[in-house]
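Should a chain be cited, it is by its letter among A, B, C and D, assigned in written order, with residues numbered from 1 in that chain.
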């Protein structure tokens, strides 16, 4: 039952992240929300690994943390580049591509 | 366990590093050679992939080499090759070429890893490697807001869906206690009772792969990204990284679902039908050719997804064939659009939306080779014989028809009829462009089509028609791959 | 001399490619004429060496292609295909000659015409269902271009309508082919796309529902091509917009593909279908309705060319009717109608083309009395119109006579209905002639000139063919009859309610 | 030896047609001499054949054609007399045409077409099977179409040509239907009644037909014969398909003389005579002892004779008067076949054919005279003629002879039992016989209606023809155009024909005897429904002549002496006159209402509407086409371009999938 505790927490975190992605306007915040979701997944992995009694999950978590970092880096880079040309990172205004 | 089989991946990784390294040393002028170098590397690995037969598994069975992986590696390398060749012209004298080529190579490696991944970890890593490289590539024109916007959208939706995928993977791991796909399948085989959690996990995976496949409703990023990115990168995305989603789906979903005896064909049927219809219907009303191609590739994804509806050897072989065909046709088409862009810009430096259909008027006179190539690609996409597109659709539709016949199921029949009507409908927007190219008067004088483009396009054309004229070997390969998918 | 057929197809294909590559229109048309001429000679050799006393496939060739799907390039002709092969090779060279004066993108124009030849020859000779389908589809593309590049004001609409409409039909047909193929595969365990093999195994399908579904799908595919009411609406638009050469090929050859399908595929399947009698009635109704409907709509047209288009719908109705009557001679009559209509309709569309080109309009009301300045055309056009309204002594009469007389055995009421059409057929032909060609000259047309010699030549040659085959149908009719009698041996069992 | 080469009878004119068509322009007088020579050849061969086969020989040749049909030649008495007549009259008219058409630039076309016509007509006559008969019959119709529309730049001519073709086409379709029905029935009795066609014979040969007629189901037989008769009605301008013949006068007069008086229009009668055994074999359901088919033939013929004569009374166009007279006379021939056929059997064929040939001579003569008059005064309207007698004597006299022949003037000495043979014009002999036949029919079968119609028609005939003659040649000129006699090339044929019109009658008995043998030669016995011996009273015998003379006197009184003023009668106020002048409103009804308004206006146009607007417009374009586009426009708007919405769609999809699968699998 404690496993379910972890799962519920991670689910909550995941949902918060998802909610944030939908509602936030600033690119930065959206990046953070994505990080939240990844974290939720990592939490899952670790929890499962300790309950399944094998380390694969934790290894996986390590991988994913590294990847998340790289992802964040790229994300910020893109935002910065965008800011240079558009002077905004408010995603509501970034819609020249549509229909 | 001979790592020689992994030579292509290794070669390309090393090559990527070398390219960056050279980039540091040489002057911007001479960076143009990097394109040739990476092309050579890709050719080498292509030859290798075609040449080697052996199978094997590596790193504690995290990577496997089998017909499926080889077939898709073939696709990925060919597409990257086309993209690279075209880029030699597209990014000529661009001072960041080194990074560009390195990224393409890394993306290729990522896709190849996914193709042969047999462990959720390696799958995830490969996925992310490919994704991140392509995020950057999509936004490679730093001064062009469209390109950056494309990159941003691609990035946000992409990382969202990789989060979903990771979450799904974590659940799978939780249920099965292992990250190794073989083990997972074993587990499912052992206790096939559908616990609900595993199905949810599957759905998350579907979402994650569906993002790459651009299946409705995970497709939203695709039109914007394909439209905004540099055409050559669009080619890579549409033709290459899209297939990454499929191979992953083939590897994990099909096996898992077969093992679970959880027939999701209704789900996939609905997804496929909606996807193809959506893609075609929206494509009709597009004026930007790149966007039209984007929607058409969504539609194609719908066709390929039919393979999941009836998971028979035939259908999966058909899906794989269509994937191959689509890689060639779409890749070639995007590169052809790049030629048009080049043409338009050479007419007038600061032309806006250069892929507007108006710019295709009289292309048959202005750029005959490109026009003819586009003509071939479009007809192939519409499924007119003899072409790769036709062979793929032929086998695919056949597989579903015979399922309809065998199980006397009206639903399959309806599905295939919708598919047929779709491919008839798609003729409309392809033919419209063809008309622009050949019927309308040219807007300018004839141009000299740059050699790299021509080479890339001609290769694609040869592939498209060649498969149509002599599909025998490819069908066999696809069949073997399908056997792997079905774990036979 | 075994590979004559593939040689014929290959030569036209190579000719097409060379034509595309030529620079000047002189070269283009010369090459086109040469290639189609050679192809004609070969078909003539085939025709002369053809043994009309046996119903089997002759000059058969076979080359393996896609082994894993059991697909191979099989060619061959029998009494059903041979006349149409000859027809194609008669029509195409004459079309090239007729269009001798084409100036706009000449190399593409003649090249596309040759591609059409390749396509129809492939359809009429290939005995592998897969290959058959491929040629069936290929035919669409050159026609699409012929319409949309050289066509009239509404060419875009018509071309795309033609393309999609017929493409849907062929896809539906493809589904049926799939089922046949799968069925045969189930039985033998080895994939094989051989046409006769697939048709043979149709009979062992258990569920009669599936049988009917396959049958109807195939029938639909062919009827749309023919075209039969109510699947005909693509035809008038396509014809009205197409250039003359395009219309000629469309009416003379492409429509024949549908009829060919009836004899090659539908009739052999008929007796084994779930409910043969009803299906026969369905076909008969479609046939008669097409005859009458086409006639009355032709009567209503203002545009000469559109009138001719509807007249072909009406004439192709005889093919359906004759096929539905499943009497040996009625089937032969239907086949003969295909052949003869293929010739006659050329003259009609060529006349429309000449008038359009010379007077600048095809609207019957705006013409009038052009016979005064176009005596040669008037002569040939009149001959064509008379042939088309079934005047004895011309090939059309033989066909219609055979169909009507022999269909009466099985479908008396339908024949009586069809007979009604004859009067009105004569009616709209002569009425159009009277208003467009005879009467006082309409001065608003300004000074018009007679058709060019090459145009007159090709029309005259076709008229000669029409008369020859009207007086001596045997060379073609015998081989048709041989095959229709062989078909009848299977069809005997069918009882019509 | 003529029998062997009898195929040339047809082939020579065909050859002439081809040569004239392509070389005509280069030859003198439009190559007129080619057809003349060719037709002369045909005539000689016909004559030779006649002499060969007389009295009881036949020529039969047959070659297989397609699908069990054949092409063949059958020259029996019936055919040979017709052959001689056709080739002879055609020859004369061709000669006449050299003068008549001298100034027409399109001479070559004219002569080509007429020789083609002659060929086709000859082939009708000597064909030995119904299919070839039909084919030639159609070709004859084609030539008639071409020649009526010879001056195609005249709208009226083009219209008339079309009308002629279409109206006869109606008959032809019936004829074709008859052939179809016949074919089917024969093949049925072959299977059911063990009827066999011995080798060398073919299914549609007349001989086969006659044998089969005995076995075919009677009602079917009646149907077949009536369908054949329908064809005859069309070609021979019988009621109700008579309307095209008067309009056909738009063609050159020579054409009218050749096609619409002497030869083609009689083809209908010839058809009935040809297939007479089948008509006789039909059952007698309507009136006992009278085969239904013959009864109908009789009534249609009789009625047409009378009906056409009434219109002949009021026409002012010289050629139309003659046209209606032709229709009326053809009615007589039908009447003969019908009535006499019922009582005298095969003799009826003799009677009818005799009148046919006599009529050919004097009617051709009438037309040629009319032609020479028109040639002279340049108008067709007899109201503008008059007083021409002095100016063109030959024409006037020959035409008078012809008129007398048409009116059937003569004296039946023998008929009154005197020891002298009858004296009279050709028409006298031929028509008297017909009326007698009708009378005998009436006596035997107790049905006098046909006889009454015949007598009444006879009266009207002589009235209108002499009205014509008097108005043309007597009185004072009503136009100051200077008329003159036609050249010799035109007058000589007139004289020759006049001689025939005068003297041909005397061959009556021999002719009957010869033609009656026809069916015996084909060993088809004809059931004769003989009544008791029949001796009419003298007054009855004289009646036809009396009415003839009476008619002459009436028209003399009115149109020459002007004894009573016609102005009241022929005013447009007089409804009967209007009715006649408008030809019983037949053109209006046929062409305008049925042709244009109903067929074209209603049926065709509504069809067009359905096709374009509903099938095509509504279904294809709007429902399918438009909806797809609309859908596209709507759906693409979902792509807002705002990335959060994309994310929400993605997550929404995820949620939906989960719910869907929850529903499917349950769990948790």
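By definition in this document, a residue touches a chain if its C-beta (ideal position, glycine included) is under 8 Å from a C-beta of that chain, and two chains touch if they have at least 3 such contacts.
Values in this document were obtained by computation on a predicted structure and should not be read as measured data.
Novice: Please tell me whether A-D or A-B has the greater number of C-beta pairs in contact.
Specialist: Result of the comparison of A-D and A-B: A-B.
Novice: Where the centre means the average of the CA atoms, what chain is farthest from chain D?
Specialist: Max centre-to-centre separation from chain D belongs to A.
Novice: Counting only Cα atoms for the centres, state how far chain A is from chain D in Å.
Specialist: Measuring from centre to centre gives 98 Å for this pair.
Novice: Between chain A and chain B, what distance separates the C-alpha centroids? Give it in angstrom.
Specialist: Measuring from centre to centre gives 26 Å for this pair.
Novice: Please compute the C-alpha centroid of chain A, do the same for chain C, then give the distance between them in whole Å.
Specialist: Those two chain centres are 65 Å apart.
Novice: What is the distance, in whole Å, between the centres of chain B and chain C, each centre taken as the mean of its C-alpha atoms?
Specialist: 42
Novice: Find every residue in chain D that makes contact with two or more other chains and list them.
Specialist: 636, 639, 641, 643, 647
Novice: Which chain A residues sit where two or more other chains touch them?
Specialist: 21, 30, 91, 94-98
Novice: Quick check: what residues of chain C touch more than one other chain, meaning two or more?
Specialist: Within chain C, no residue touches at least two other chains.
Novice: Can you list the chain B residues touching chain A in their complex?
Specialist: These residues of chain B touch chain A: 120-121, 124-125, 128, 132, 135-136, 139, 142-146, 148-153, 155-156, 159-160, 162-164, 166-167, 169-171, 173-174, 177-180, 223-224, 227-228.
Novice: If you look only at chain B, which of its residues touch chain D in the complex?
Specialist: Checking each residue of chain B against chain D gives 152-153, 156-157, 160-161, 164, 194-197, 199-200, 202-204, 206-207, 211, 216-218, 220-221, 223-224, 262, 264, 266-267, 278, 281-286, 425.
Novice: Which positions of chain D touch chain B when the two form their complex?
Specialist: Where chain D meets chain B, its residues are 628-629, 631-633, 635-636, 639, 641, 643, 645-647, 649-650, 652-654, 656-658, 660-662, 664-668.
Novice: What does chain C use to touch chain D in their complex?
Specialist: Answer in residue numbers: 161, 165, 230, 233, 236-237, 293, 296-297, 299-301, 329, 332, 369, 371-372, 386, 391-393, 397-398, 401-402, 404-405, 408-409, 412, 415-416, 419-420, 422-424, 426-427, 430-431, 433-434, 437-441, 473-474, 477, 481.
Novice: Which positions of chain C touch chain B when the two form their complex?
Specialist: Within the complex, chain C touches chain B at residues 65-69, 133-134, 137-138, 140-141, 144-145, 148-149, 155-156, 159-160, 163-164, 167-168, 171-172, 174-175, 178-179, 181-183, 207, 210.
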